[in-house]
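Worksheet: one structure, shown below.
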Amino acid sequence: MNSANYLYLSAMLFTIGAVGVVIRRNAIVVFMCIELMLNAANLAFVTFARINGTLDGQVIAFFTMVVAACEVVVGLAIIVTIFRSRRSTSVDDASLLKR
Amino acid sequence: MTSNNLVYLVALPLFSSGFLMILGRRADKWGHIFATLISASAFGIGAFEFLQMLARPSESRAVTQKLFSWISVGTFQVDASLLLDQLSISFVLLITGVGTLIHIYSIAYMSHDLDRRRFFAFLNFFIAAMLLLVLGDSYLNLYVGWEGVGLASYLLIGFWNQKPEYATAAKKAFVANRVGDVGLSLAIMIAFATFGTVSFSGVEEKVSGASTAALTGIGLMLLLAAAGKSAQFPLQSWLGDAMAGPTPVSALIHAATMVTAGVYLIARSNFIFDNAPTAQLCVVIIGAITLMFGALIGTAKDDIKKALAASTMSQIGYMILATGLGPVGYAFAIMHLLTHGFFKAGMFLGAGSVMHGMDDEVNMRKYGGLGKFMPITAITFGLGYLAIIGVPPFAGFYSKDKIIETAFNAEGIKGLLIGSAALLGALVTAFYMTRVIILTFTGAKRWDEKAHPHESPFLMWGPMAILAIGSVASGFLLSSGNRFVSWLAPVVNSHEADHAEHVERFQPVVVTSMALVAVVIGVAIAIVKYRSQVPRVAPTNVRFFTRIARRDLLQDDFNEVVLMRPGQALTKFLVATDEKAIDGAVRTVGAVVIGSSKGIRKTQTGFVRSYALLILLGAFGLLATIWVVTL
Amino acid sequence: MTDSPILQYSFLAPIMIVLAGAVIGVLVEAFVAAKRRATIQLLIALFTIFASFISLLRIRNLTSAKAAFNSVMIDGPAIFMQGTILLIAFFAVMIIGDVDHFTAQASAVPGSEEEKSAVQTGRQQTEVFPLTLFAVAGMMLFPAASDLITLFVALEVLSLPLYLVAGLSRRRRLFSQEAALKYFLLGAYSSAFFLFGAAFLYGFSYSVTLAGIHTAVIGGTANNVFLLIGLLFLSIGLLFKVGAVPFHAWTPDVYQGAPTPITGFMAAATKVAAFGALLRIFYVTFGDAVWNWRPILTVIAILTMLVGSIVAITQRDIKRMLAYSSIAHAGFLLTGVIALNRAGLAATLYYLLAYGFITIGAFGVITLVRDSSGEITDLNRWAGLGRRSPKIAALFSFFLLAFAGIPLTSGFIGKFAIFTAAYESGNIGVVVVGVLSSAIAAFFYIRVIVMMYFAESHEDSLTVVIPSPLTSIAIWVSGAVTLILGVYPTPVLNFINTLAIFIR
Amino acid sequence: MNYLTSIGALPLLGALLISTLPKSKANYAKWVALLTSIVVALLGLLIALRFEIDRPGFQFVENYSWIPSFGINYSLGIDGIALVLILMSVILVPIVIVAGWHESEGGRWGSKSFYVLILILETMMIGVFAATDVFLFYVFFEAMLIPVYFLIGGYGVGERAAAAVKFLLYSLFGGLLMLAAIIGIYVISGHQGGHTFDIEKLSQLTIDSTTQNFLFLGFFIAFAIKAPLWPLHTWLPDAAKSATPGTSVLLLGVLDKVGTFGMIRYCIKLFPESSKTFTPVIIVLALISILYGAFLAIGQKDIKGLIAFTSISHFGFITMGIFAMTTQGHSGATLYMVNHGFSTAALFLVAGWISTRRGSSIIADFGGLQRVTPVLAWTFFIAGLSSLALPGLSSFVSEFLVLVGTYTRYPVAAVIGTLGIVLAALYILIPVQKALHGPITPGNENLPDITRRERIAIAPVIAVIIFLGFYPKPLLDVINPASIATLTAAGFSDPVPPAGGR
């Protein structure tokens, strides 16, 4: 299979994630869309690593997973706190700061 | 030749004036005496210089005194320097002589005024400025005196400036003078640009190298200046209003001296006008128009001072006319100026004396038969009257007759026209002056019972008497044996003209006869017209001409419609423009920035998803841009 | 080929000291009694930063620069920026040391009994100190990182703690939490872009090091589309961090919601770190592809300057206003990046230092203006401050004038230097826009001064608290630095000139 | 001895001293300020005495490296033009302090701050004229705004805050444009033998005409705002109406001169070619300023606004004189700057005194003052006469020089400009009539006349106005060489009169 197709897939995933962030309201879902984008990037790294035959890309993928995990920790902490205060996970409710 | 005394002529009265102003009320007791003494000593210096001058041969009579380098920038070099020659000494004697007499007169005339000291300070200031005007050796020095007398005139017209209309009159005079000053400024600029110098001698020396256009330009601008200062058409309108000032001021400034400065300026610039025929023609035309203009106004005025002012305007018209007639005219112009200085100042003082006795009433319709109550005033006034209408052997006869004669003998059709104008002017002059005499001194009394006409004190009639002697004798003295013409000849270069072929169209005898006939006609009409009862209130059902003559031939209406109203409208418009358009434009810029600020603020919705969208769109936008730029 | 890795610990020491301090801070948080925690944490943080700075001074003249197996490049600019970050952090921590700004218990629901009792009993949690130190470590690594992995990791290390501390405000907690959420979501979003871009750069060059990518750029044989996509997306991540338009939208909200001492720290230090990375990437890696990115960056710089300046004019909240001001300053700094010459680098470094201190000082002053319910950030209520506390108002005015770039302040020299560099590189249009937006920007700085001095005050509840000694020191030192850098910048400029060369 | 640094630093020291005064002794502030400014003025006179008229170039030169990495030097030096302007500034400051002895008491803050600001401003004023390094000049140019801003906003009347902001924004806008131009010329200097800000070296650069035009405009717009030239003038009337009389004197008398000074020192010196290119436009703008300022002055209801607009008219004359590019024009313009400083000072101070007494600056509220307060009325009148350039008073010499200098090169412009003197008569005599003449307006009957302190303040101003009217030579002797040097360096020579001959 042409490895370029993986890149297209990666781009699609990234786009889905990027658009998902914009159109979804639930903070958790938004966050998951971001994770999708990160993983799309991971897929691209791995694909490039495969095309080139070096390991760097795969190493980065692992790093990314770790970082993503950290992000989850921090993100969930924040989302949970907000939920406790507002009893809502809709990102649209948090719009006191504007203009 | 140099002299060290000239500076005192200017400095003494200037110092005295400043001194009296700074001392203020402390000098109230003796200020008038001090000022009069100063003026007298200036006359003394003038007389001394005159005698010295007489002792020298005619070509080396001029003396100079360089004081200091005034303005020195590059080639623009102007010294503060004075020049006393035959022309200026004539003026110096007139100014200080008549000036001193009027100082004396004013001691009594102003004795009841709380601000008499200030009045004398102004008078001294005027003397200083006027002397500087005639003594300056360059156009720029002259300009200082020129504006100085304007200022003095402003201060004195507005001496009683608590009356708004007097203050307005003062302002009007100054502004009209300033319009003339524009002319003088421009003349100096053109002169500097053309000759690289502005001194009289320097310009005279280089005048042959200049283009006619430049000379005509200078000439016309000088004429404008003269028109402003000497109340010539079209800048004449201020003179009538200037009668708001105390009467001695009218006598000194607005009859004898300052208003004649225009004549001096043109005579002094003879080297310009002699080489600029177009400008010379304009001078003649302006003079002719003004002499008729003033005379016609004079026929309709009931205010004695305004009637005299109109007469002054007309008489200066004669002088200006004469200066436009080339080398021969200058001397006659100056001669008429001098005689006029005597008789007109005398008449003004007479008018002042009448007002003094009549509780400051100026309306001649409320006089009548005053000759009995104030005989001296009547006699001195009468002598001046005879002089001005040109009855031989009084002073005006000699000087005016010469002007009319010269006018008639000017070349071509021009000569006939201006000669006729001058002759007609003489007729009208005789008419309105006779009218003044009849209304004031003869006939039945028309004044209120409250008034107690009485003769003025000696301090007042003394100067009047002296001036009356001048009105009688000065003409003969100056003209006998062509004395004054040859006196001035070195200054106005009239030598060549004397030798030049002169077309004598009319013999002097003919002209004199015509003039005398005109005078007789004028006097006769006046006597016929005013012999009967004169109404106390001016009739309103008069002819159209009388009505506009009373309104000064609509000169103020013209100024108001053509200059003042548009000027005020322009001012209002510009004020609005500044507020709305210019500052408005600046504010609009501000408003646009603030508007866009508010607009962009709206994108900050507070919704995190819209921010994400912004990022996404930004990414797409950049992608698109980079695509366009690089591919 | 596998040599044992030479990490060059001495080069990494400054970063590692900070990390160690952070870890100790975590331990203190866990084991030390609540009452003494705040003091101890503060001392640890200050000492850590100080020690790190000392170790940084020791390596400042070293010639060799590569560390950690070429992942980190401790060259002149990196050292300068690390030093700047440490200095800023030092004074920021002093202001943070006034823990009254921070919630006693972040996990407690706002307004709950739990929260109240925590406040009353003084059981103050002090996680803000170790979190700050972690962020500092990330910031120090960011401008020195010389491969994509390190860059990404540094980015996250600096960002994640900031997301958290943004939500720690004691008062108006809903604002604060919202700020944290927005910052987090958008930050994560942008780092996804960053990572995606990194992937394509890797695909373009088959190298993860900046030097390797540079080689590929010079080679010019590789897939250009990959380069452009990679470059673009990578830049988005970085431009987000500096707050460049159109990636700026988080800035005002987060600046307003976060606790003020944190806002100051974030505004000053993050900008240094992010511009450090931006400079390194554009100067070192893509310097030879300048024709590809300069037009874009020019547009962004212009937009950033204009939008920042224009929108700030109508702000009513002082912190929001300064947020927009920081956007405008990001625009000015971008002109230094665009310049792509040594003067541009030096100017940007100087500007960052100057801007950092002005920002710390300005936000430090804001922490002092309070009423009984906490800080007052509504501009209208600043009316009459000049009469009530002339010294503080004067100092704040001075900072504002420095922001505006009035001569005799560091801001002026910075602006001059950076515009000169941009002009020198031929980007005259940017300079003109910069100058115009400076003029616009002057308006809102002056508006605040007008408020403080010339407006009549309506209420008396507003007070300026007597600053804690540490806050005092921080703001007055910032003021002094701003003045000195404005009047006699020569030593610093000379120092920068010796350093301002990137090593590939 | 570093004369220029000393004279510049002295006021700063005074300011420092005042700010350390304890609150209980705050009323010593004015005395300290006064003494400082008098010492500065004396030092200024000493500098003037030691100035060598015949030596070309800058004198009292000081040069220290300041920011070597940008080639910036702390360099000072004065030519004749700078000397007379500095002299005017240092003489005006003590007069302003004496004249506005109580001005500081109506402000938002205490009098200490007022005098600190005044003295700081004095330092800046001296610096801006003495700087020979363009960067240093710019620093003074901009830093100067701050004290004025606080002086207007803090101690003024009416819409003082708005006026202060307007003033500051206008000036900053111009200043920033100039900054761009300064950067431009600095960069060019880098391409031609090393970065520098030295005015002499910068004037040697060869710059292509397009660039030169843009750089010229950068400088010129800044100066035209400062000066102010139509249509960039709208800040001035507002500022003048709001500021205290003393501040207005310094604002119109000194600060605005920086604009016209800058045109000579920077626009023409650095960009002679562009100066030539833009001359027609600038002359037209100057003419508009002359007439427009005069008309607006006539239309003003507020006496301070009126004086402000007369100044716009006068600045039109100054600008016209400068860009006439003749010796007379230049020397006249420079002399005009000095004369305008004094005559505006007199007008503003007296106007300020009578407005304070009456509690209004609307002209219609006065009337008959010559009866009530004769001495004040007369001083106002003399100042007014100087403003309308009456011969014998100082402004005449300069105005006439400007006109004559313009005429030799641009006759039409000079003719139109001369019309301004008629308008000048109107804009002075109308308020004179309304305020001083006529019957006494109710409410004015008991206004007190001039006080001893006010006499002391105004007497030297009037004396200078009269003295310079009769004997401007001392100043002209100093100014002329500098004017000639500027014009020669820029490649201009005076037109030769066609009938000049020898």
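Think of it as A, B, C and D in the order they're written, each chain with its own count starting at 1.
Following the convention adopted for this analysis, a residue touches a chain if its C-beta (ideal position, glycine included) is under 8 Å from a C-beta of that chain, and two chains touch if they have at least 3 such contacts.
In this text the structure is predicted, and so the values were computed from the model without any measurement.
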Q. Suppose you hop from subunit A to any chain it touches, then on again the same way; how many hops at least until you reach subunit D?
A. 2
Q: Determine which two chains are connected by the greatest number of contacting C-beta pairs.
A: B-D
(Q) On a CA-centroid basis, which chain has its centre farthest from subunit C's? (A) B
Q: Can you check how far apart subunit C and subunit D are, centre to centre, with Cα atoms defining each centre and the answer in Å?
A: 44
Q) Per the centroid of Cα atoms for each chain, what is the distance between subunit A and subunit B, given in Å? A) 96
Q) Measuring from the mean C-alpha position of subunit B to the mean C-alpha position of subunit D, what distance in angstrom results? A) 37
Q. Using CA atom averages as chain centres, what separation in Å is found between subunit B and subunit C?
A. 79
Q | For subunit B, residues contacting two or more additional chains | A | 601, 604, 606, 608, 612, 619
Q | Multi-chain contact residues (two or more partners), subunit C | A | 181-182, 185, 189, 193, 252-253, 443
Q: Kindly provide every pair of chains that touch.
A: A-B, A-C, B-C, B-D, C-D
Q: Sort out for me which residues of subunit B touch subunit C in the complex.
A: 593-594, 596-598, 600-601, 603-604, 606, 608, 610-612, 614-615, 617-619, 621-623, 625-626, 629-630
**Q.** Residues of subunit C touching subunit A in the complex
**A.** 106-107, 109-110, 148-149, 152-153, 156, 160, 163-164, 167, 173-175, 177-182, 184-185, 188-189, 191-193, 195-196, 198-200, 202-203, 206-208, 252-253, 256-257
Q.
Touching residues of subunit A toward subunit B in the complex: what are they?
A. 18-19, 21-25, 30, 91-92, 94-99
Q | Touching residues (chain side subunit C, partner subunit B) in the complex | A | 181-182, 185-186, 189-190, 193, 224, 228-229, 232-233, 235-236, 240, 246-247, 249-250, 252-253, 291-293, 295-296, 299-300, 307, 310-314, 440, 443
Q) Taking the complex as given, what residues does subunit C use to touch subunit D? A) 346, 386-387, 390, 401, 404, 406-408, 412-413, 415-417, 419-420, 423-424, 428, 431-432, 435-436, 438-439, 442-443, 446-447, 450, 453-455, 488-490, 493-494, 497
